[in-house]
Structures are given as C-alpha cells and as structure tokens.
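You will see two complexes here that share subunit A, one where it goes with subunit B and one where it goes with subunit C.
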Partner chain A sequence: MDDSNNPAKNNRGLYLDPRTKILFLITITTFALGGAGGRRVEMLAPVLCMVPFLLLITAKRFKTALVGIILLFASSILLEFANKINMSGLLYYLVLGSFGILSRFLPCIMMGRYLMESTTVSEFNAAMKKLHISDKVIIPLSVMFRFFPTVMDEAESIGWAMKMRGISLGGKHASKIIEYRMVPFMTCCVNIGEELSAAALTRGLGGEVKRTNICKIGFRLQDYFSVALCLIPWILLIMDVVK
Partner chain B sequence: MIKFENVNFKYARSKDASLNNVSLKIKKGETVLICGESGCGKTTLVRMINGLIPHYYEGEMSGKVYLNGEETSKRMLYETAKTVGSVFQNPKSQFFCVDSRSELAFGPENMGINEEEILKRIDKTVSSMNINSLMDRNIFAMSGGEKQKIACASVDTLSPKVCVLDEPSSNLSLEAIEDLKETLLMWKKEGKTIIVSEHRLYWLKDICDRVICLNNGEIIFDMPMKKFKNLPDLKLREYGLRSVNENLSMTPLKSDLNNKDYITFENFNYSYKNFDVLHIDKLEIPRNEVIAIVGPNGAGKSTFSKCICGLMKGFKGTAHIGGKKYKGKKLLQKSYMVMQDVNHQLFCETVLDEITLGMDELNEKKITNILNKLGLKSLSKRHPMSLSGGQKQRVAVASALLCDKEIILFDEPTSGLDFYNMEKVANLIGLLRGKKTVFIVTHDPDLIRRCATVVLHLEKGHIVNSNIIGVRKEYEKEEEEYYGAAVSLCRQS
Partner chain C sequence: MDGVTNQRKSEEKLGGKDLINIGIYAAIYCVIMTSISMLGFIPIMMPMLAVLCPLIGGITMMLFYTKVKKFGMITIITVIIGAFLWITGMGYWPFIFGIVCGSVADLVAKSGNYLSKKKTVLSHGIMNITIFGCFLPLYLDINGYFATRTSFGSEYVKALSDIFKPWTAPIILLCSFIFGIFGALLGMSFLKKHFEKAGIV
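And then the complex of A and B:
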C-alpha cells in the first residue's frame, strides 16, 4: 500500500477541520460542477476550483497538484479557443464534451480525494458527531472510509492475476474483461466485509452506550477564513433567489 | 469461567453438524489450546465463546454456553465484548480504523469509556507491549506480524478477562510468532483466561496448560500440556496434528538434482521511494527444481516473487531460461503465481472454462491428462468458487500447467493448514518437480522439508544463504515413518 494514503503519518500540510473540508466539497460541487448561482458567482468559480490544488500543495503533493492545475488550465484555454474560432460540428461537441467535463469534474474529484486522504476515520467520526448526525449514518460512512484502501488492494491483486493469465484489453478475452474483474472482486469484498463486521462486533460496536471519541477537532483561524470564502457564493446565490 | 453444556451446532447452509454434544468447563486463568484437523469445529467453538454464534453466524444450536455464569445467547454481543476479546486469523480484515492509534481506541470508545481513561489505557498497552514504533502509522502499510500485534494490542486496551485467538499464527513468520508468544505470556501472567485454536502447536507448549483436541465436532481428548508434550508424533498424526516439538530448521529435501540446466536471474534490483527493497545482481538457480524462499517479514520475499512474475512496474531485471533471455512482459508470459488468496485468480463459471482460459488452442488430451493428475476430473463442471481451498489451489495450478508456464510460484500455500492438507500441498508441488521450476514463498519448515530442494534465505533484499541440497540425517528416517502412517490412515478412512 502506498504511504501517501496515510493520513496519520503523512505531512498533512494546512490543518483544516473535517467540517470545513466537507463544506468546501459541497461548495465546490455546487458552484463549479453544478454551475449554480449564474453570472454573479461565475467570477468566483475559478477561485473555488483552485482551492483543492492549493490544499494539495500544502500537503506537499506537488506532482498531483501540478498535473491537476495544468489539466485544468489547458482545458479551459482550449474551450475558450474553441469558442473563439467558432468551432462547430462533431469536433466541437467532442472538445466540449471531454474537456468541459474534465474542467468541471476535476476540482471536485481532487477535493474529494484530499478529504479522504487527509482525514483519519476518527477525525471524520468526531466531525460528524459535532454536526449531530446519528450513529446509524456515521458508522456506515466510516466503514466506507475503511473499505476504500481495502478495495484498492484487492483490485490490485486481481489486476495482477489477470495479467498473468493474459487477460487484457488487447488480448483474446477483451470483451469479458469487466466480468473477469468483477467476479473475484465481489467475492473478496464480501468475504472481507463479513470478517470485518464480525471483528467489529466482538469489540463492542453497536452497543447502547454513547460512543466516546478521543480525537480532538476544532475550528482554527484558517477554518474561519475558509468558511468565509465558502459563504460568499452561497450568499450571492440566496440574494439571487430572493430577488 | 466458561461452561459448555451438551452443545450442538449446525451452520445454516451446511449438511453436517459442526459441533456434536460438546461439554466442557474452563476455569478462570486457564490457558487452553484447541487443536484438530481443518473443519473439526475449532473455529465454531471459539465463535461460541465470543458470542458470534448464535448472534452473528446463523444456524441450529442446542445446549447452553455459559460465560461467567451467564448464558451467551441471552447476552447482547456488546455485553459479551466487555469480557471476551478476540484475535482472528486474517490480519487484514480485523482492524477497523486506518491508523493504529484510533484502532487501539476503537474498542474502549465503543464502550463509552471517558477520554482520559482511554488515553491512559493506550499508553499502558503501548508500553507493556513495546509497540511505540507502530503508533500513529497506517495499518495498511504494515506487515502481517505488525498487524497481528495491533490486533492483540486493541484487545489489550479493552482489558477483557477472557482472550480467544482463532489461528492467530497462520500468516506469521517464525519471528512474528515469537512476538505473539510474548504477548500471550504477558496475558497469562495477568491472570487472563486464554483460549487459542491453532494448527501450529510448537509455540504454544510453554503457554498452554491444557489441550483439547476435536474431531468431527467431538472432543476426542482433553489432557494437560505436560502429558500432551510427550505424545509421540505418530500419535499426533492420527489426529491430523502437526508436531509439538516442531523442527524449525529450514532444510531442503535431500535428493539429486534432475539436470544440470540453470535459470539465471540478472540485475534483480528494485527500489521503492529510494529505499532498496531488492538487491540481487546475479542468481543462478537449478531449473525444474523446487525452490523455497524464506526470510523474515519485510525481507523482500514478495517483491522478489513479483519481480520473477514480471509484475513490478519499472523493473529491469532479466531471466535466462534455456538459452533465451526474458524480461518484463515476456517474463509475465512465462510465469504464474498461485496467490495466497486464490479467490483473486478464479474468473470463470466452471472449472473447465477456468483452466482453459489462457490456452491458445484446445487440446482435449492434454486437458484430460492434467485434470486426472490433479484429481479435478469429477469437479470439472463445478463453479470454482464453490470448491474448498485446496481444490481452488489445484485449479489455479492446473491453469498454470495448461498455459505452458515455465515458472510457477506459490505464495504461502500452507498458511492455516493442518497436517494432512499441508502434506497434500507438498505432494502437489512434488508432482511439478522436474517439469517446472517452482518457487514457494513460505514460513512453513514442515513444507520445506517435504518438497523443497533449494532454500533461498532472503534478508533485507539480499540473498544471505542459499542451501542447495541439504543434508538430513535422523529426520529423514523419521519423516518416512510419519508419511507411511499418514498414508495408511488415509486408506483406512
């Protein structure tokens, strides 16, 4: 397993409260991906789009951040260019389809990735608890956090097994490639899931007492700034609607 | 402390009973070893103590299990969890958090213990188990031994009165087993009641005071360790048990090499994030022999095996086989790994489809031949996922044989196997000798003595010792004796 997925040991850079990160994620998806708010927010969207990359830079993930920024800029310049020369027809649709989607989705995916990588399970739980969300929602979500690296591990091993059998896109069995990947994948995930829940139950998960959490989270100066930044587009949106 | 009264149990989707009229009493502070061949009901017994049966695994149960005077079936699981801590076989599926500190806190957090107390307990566990170096790390990046240590530590923070361990050493190297042994001795000193179900018995002879052996869900003997230790190995084989006084030396089988042909590996270097994982400039290995790769966790065994299979990205090493030079993708076509979790490599709907998947042209005769040889003939229409572990392993080997692979690699093929099944794997590997070059990554000295002809000892990415054709003196004779006994028993049954 790659060490970069280790929130505990990694340099996490700027410390943000998990709640702030979630707010960022929601804001970016609403305004950069969803394009809500119309003209007023349009100016702010690029700023929001840059947020995940800045956060990645503070976490010393220079390569990922750089590639992301280049992709984002390249696609927006290309779109601009396409509009300028009045490109039309199939080519325009292709450019608009692929790069338009890329430039809109990329910041959101990056933000989600940063959220997953920089937050430990217990921080996430603590944040959810502070938002007064029920345990019935928190536990499945935290299991998802836990399951993500497992799923990657399993998928990697299955990929190796397929390579050794010569099942690849260029190979003979290309048409069945998804089936061959999914069958063992599902079996392994189900097995692990079953063992995992048994282990969790023997350690007292699901009791009636209120769970404690030893993780300390809280808002700091940078969180207030970030929240302020996120609030601007929301206020603009509300003003728009009220008017 | 624990009392079983005429307990019967049958899993929901199985025909045979897992436990048959079991009655036993375990006193407070006792340390009990539960042994027996695979499928004898060990795991079922353990699951009844920690309450997973009947609360999690469904089936028909009769009789009563008491824990501390209370019936487990009437107590909720989280109540039982306060008294019983469990460590399971598979290190990768028993931790719940991603980082080690939260993992240790997980149990006490569930109990609603206050924060200060939890922190105090974690500090105590960390110092008593000496795991400071493992704290605040990603558990996914740990070795099997380290994961198992974290599993024990997270049981320790709950400070239960009873600890049950279900085949905890299956995936561990000899070194890691020593660490586990120390933890158990510490718990024993603290007066905890310990129940261990195991196949590898040697490391428990100084820990457990009492041995219970199961067969087909029934207790066949229950004796003090003092007496059990002195049972002759022949007697143990009758029950499908491994030796108590296991010979831990990794000596290969004594035999003549088949031929003078060699495979030469060159430039087997691999580094990950500027850290040398593997560093072998040149290595000559006799072709068509069985080569065991041994060494502690993190020695580079799995990197080495992935390199042989051509699975590592950016790996530049080459292999010379029969005058031809192979590297990268070509190596991938020549080699096949039978993974530890065989489920990763079974893709098709029937065994027949599965083994013919990689073939260029269908050759009926060849297929029947191999099916017969591996005893898969009657299973050829079955779904691979419905087979037992050993059968799945054989299906994987069959598919490698039909693809004309030159090198077959086994990744810990005997972890968690009893004596008979281990012997079966050894025979299977023995079948391949002389036709294919077989590598086995293993921690199992028993297996090595039965089928390996070369032992490569890896440490920190270097070969520290290669033992080609070892010398066995007394053991050789002994082994023949056991083997004879096992064979005659198989015939009887």
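And then the complex of A and C:
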C-alpha cells in the first residue's frame, strides 16, 4: 500500500501536512457545500471555494486547476443567466442538473482530488496516527484511500463495456442495468481487493506489533496559516450557535 | 491451555484482514452511492434516494455480511459511510446516525451469530436508517437549508419544499428501513445466483 515511489507524488511543490488537508476538506464541505453557519459564513464561502484551486497550483497541477476554474466560473455565470431569464420546464432542470451540481460540488471534488493526489498512503497513516485515531479506523480508511481510484476505474470500464451491449440509461436493455453492471463490477472489485489484502498482509499489516512509519510530517508556516483560515468559519458557527 | 485461550481471544478481535475487507467494501459502497445520488438533482428523485440507495447498496452489503464474523465490523463500516456522507455534503447527521444505527445493527446481527438470515436482513434494514440522516436537515429547518442554496433556482426549491412536508418524515424513515430489508433480500438472491457460482462468497 505504499506508493512513495510514484514520481508524480514526489515532485509536488509546496508541502502541506495531511492533517491540514483533511481540515480543509471538512471545512470546505461543511461551509461551502453543506451551507452551515448561515449568512455570515456565506461571505467566506467564495474564498473557501477558491482554496482548492490555489492548492492545486501550488502542487504543480496547473492543468487540473485551470480546467476547474474555467468550469466553476462558466457554470456559475450560466446559472445566474438561467435564473435571470426565468427559465422553466425540462430545459431548466437540465441546466440546473449539470451546472448546479458542478458549481456546488467542484470545489469539494477538487479538494478531494488534491488530497488524494498529493498525499501518499504512508503519510496519511502517519497523520491519522498523530491524531490518535484507532487502528481499527485507520486501516479501513487507508485501504479506501488506496482503493478509490481503482473502483472508479473499474466502474467506468464496465460502464463502457455495457454501453456497447446497449445496457445503459436510454439504451435498448435499460431494465437490466442493475444486474449487468453490479455483478461484474462487484466481482472485479472483490477480486482486486483480495489481492490487495494479501499484499498488505505479507507486509505485516494487522500484525501484533506496533507499526512504525518513516514519513516526516509536521506543521510548518503554511500549515499554521491554513489552519487559521479554516478556523474562522468554525468560530463564526460556534458564535452563532451560542448566541 | 494458554494457547487455546489466546487463540480464542484473537478470534474475537478484529484482524488485519477484516479491517482491509471493511475498507474495500466501504469504497465500493461509497462509489455506488455517489453515482445513485447524482439523481437527486431531479426533485422527484430526491426522496427516491431513500429507496434506491438501500436497494442497490444491499447487493454490496450482503456480500460484505458474508465476510462478517466478529463484532465491530458493521459498526465501523456504517461509521465510515456516515463520515463519507458528511464529507460529500450531507451535513453531520448521517455521521451521528451512523454511530447509533451501526452499533444497533451490529448487535442484531451478533444475536444471530452472523449466520442467521433473518437477523442479517433485519440488521441491514436498521443500518440503512443512516440514509434518513441525510434528509433530517430538510425537516429541521427547510428555510435555512435553502437560504444558502439559492443558486439552485426558486423552482427547484419550491418543488423540494412541496415534497418534504413534515408528515413525510416517518414515511422516509420507514422507507429506508423497509427497502433496506428488500435490498438485503435482493442482495441474497444475487449472492445465490451469481457470486456463489463465481466462488467469491
């Protein structure tokens, strides 16, 4: 489960502690996506929405950041436009469905992507250990962390294969969609999972002794700055609740 | 004698393989749930999520239940799913529901020694009450919920407010439970039809 040899992850510019990234992810989803905290935090939401793109740029993912920013702006402008001319009916739902989802979820997706791409599993483990989270939660989480891209990949490939046979929404055999997609998907994923778990067990995961970790993680100047930014909406939320 | 007790102790404790299994199935379940939830942008489909998620998720979960032999596995996977729902923007209620429903579901399954079919089905139903946690903010404060979602447009908001009248709360709750049970039955028939033959149970 170690991918520190991945060259894409070694060359990654500004370093942030994984704990800071997790805090960012929770803050952005709670306030920008979940809309907690009411009016006062709403002013901060655009700032929070821009954070993932900034982070992607610092991690030298220029292309992803650029595509993301263009999509975000285009979708919010289009939504504004659709609301202004009072669009209604089916077209409205189509516009809403595709662009509402984009503008709302994009910052979170980008943040999640940044977290996945810029953190190795070992670093993630080290950070969770430092947060004193039980091993019983860390191991499943790190497996998920490692396994997510694989699952998405499999789902996409099976989607393509079934589309070719006409088993897709709007295809000839749309009624079979659940069975014909779920079964191969599950079979693939479970088999890959078995191999993954065998590989992890040979490397001593889940042994009796305490596992060590050579990753050096720790808070630096940029982390303190980011944590301070994240704390502002939380403090506002608490103030709101107390009052 | 000592060796025997030690062995029994390690049988009750969650091992590395169990924890890895939890991670794998949680990842599969979350991906499936996310792709279903995309339908929620059509207002009529929003309450249908309480039907579809337990129904389709049941296939994954029944496969997971065949791997469960120890106390704690169902609790952990439900908590992780709740946390995932939190991160993907459903608020913190699913997380709280996950802790409660997960442990109750685990206790129910344990009372059948993780072998009884009836208890498994019931346990899956209870577990899926977690999904109701996603809808709770809609009932607690619907105006507050939409105050920050004005970009969705007034029509969408109106359609949703019409659907989520307070009296529908117990119906959604019951739906997630009953379709959890149906999902479990569906999952079991899938197990019999496909997965047992393929040898992955």
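By our rule, the second predicted complex is superposed on the first by the 177 of 243 C-alpha atoms of A that agree within 3 Å, B and C clash if a C-alpha of one lies under 4 Å from a C-alpha of the other, contacts with A are read in each partner's own complex, and residues count from 1 in each chain.
Operating definition for what follows: a contact is a pair of C-beta atoms (placed from the backbone, for glycine too) under 8 Å apart; a residue touches a chain by one contact, two chains touch by 3 or more.
Please read these numbers as outputs of a predicted model, since none were measured by experiment.
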Touching partner for A:C215 - first (subunit B), second (subunit C), both, neither: first
Touched partner set for A:P46, first subunit B, second subunit C, both or neither: neither
Which of subunit B and subunit C A:A161 touches, first, second, both or neither: first
First (subunit B), second (subunit C), both or neither touched by A:L141: second
First (subunit B), second (subunit C), both or neither touched by A:L201: both
Subunit B versus subunit C as contact partner of A:A82, first or second or both or neither: second
First, second, both or neither for A:C189, with subunit B first and subunit C second: second
Which of subunit B and subunit C A:T120 touches, first, second, both or neither: first
Intersection of the subunit A residues that touch subunit B with those that touch subunit C: 143, 179, 183, 187, 191, 196-197, 200-201, 205-207
Residue ranges of subunit B touching subunit A (in the complex, touch as defined): 50-52, 55-57, 76-82, 84-86, 88, 90, 92-102, 105-115, 118-119, 136-138, 140-141, 154, 158, 273, 306, 309, 311, 332-333, 335-337, 339, 341, 343-348, 357-358, 385, 399, 403
Contacting residues of subunit C [partner subunit A, same complex]: 14-17, 19-28, 30-32, 35, 38, 41-42, 56, 59-60, 63, 72, 76-77, 79-80, 86-92, 144-145, 147-149, 151-156, 190, 194-195, 198, 200
Complex contacts: residues of subunit A adjacent to subunit B: 1, 3, 5-9, 120-122, 143, 145-146, 149-150, 153-154, 157-158, 160-167, 173, 179-180, 183-184, 187-188, 191-192, 195-215
Residue ranges of subunit A in contact with subunit C within the complex: 25-26, 29-30, 33-36, 38-39, 42, 45, 76, 79, 82-83, 88, 92-93, 96-97, 100-101, 103-105, 108, 112, 135-137, 139-144, 147-148, 151-152, 155, 178-179, 182-183, 185-187, 189-191, 193, 196-197, 200-201, 205-207
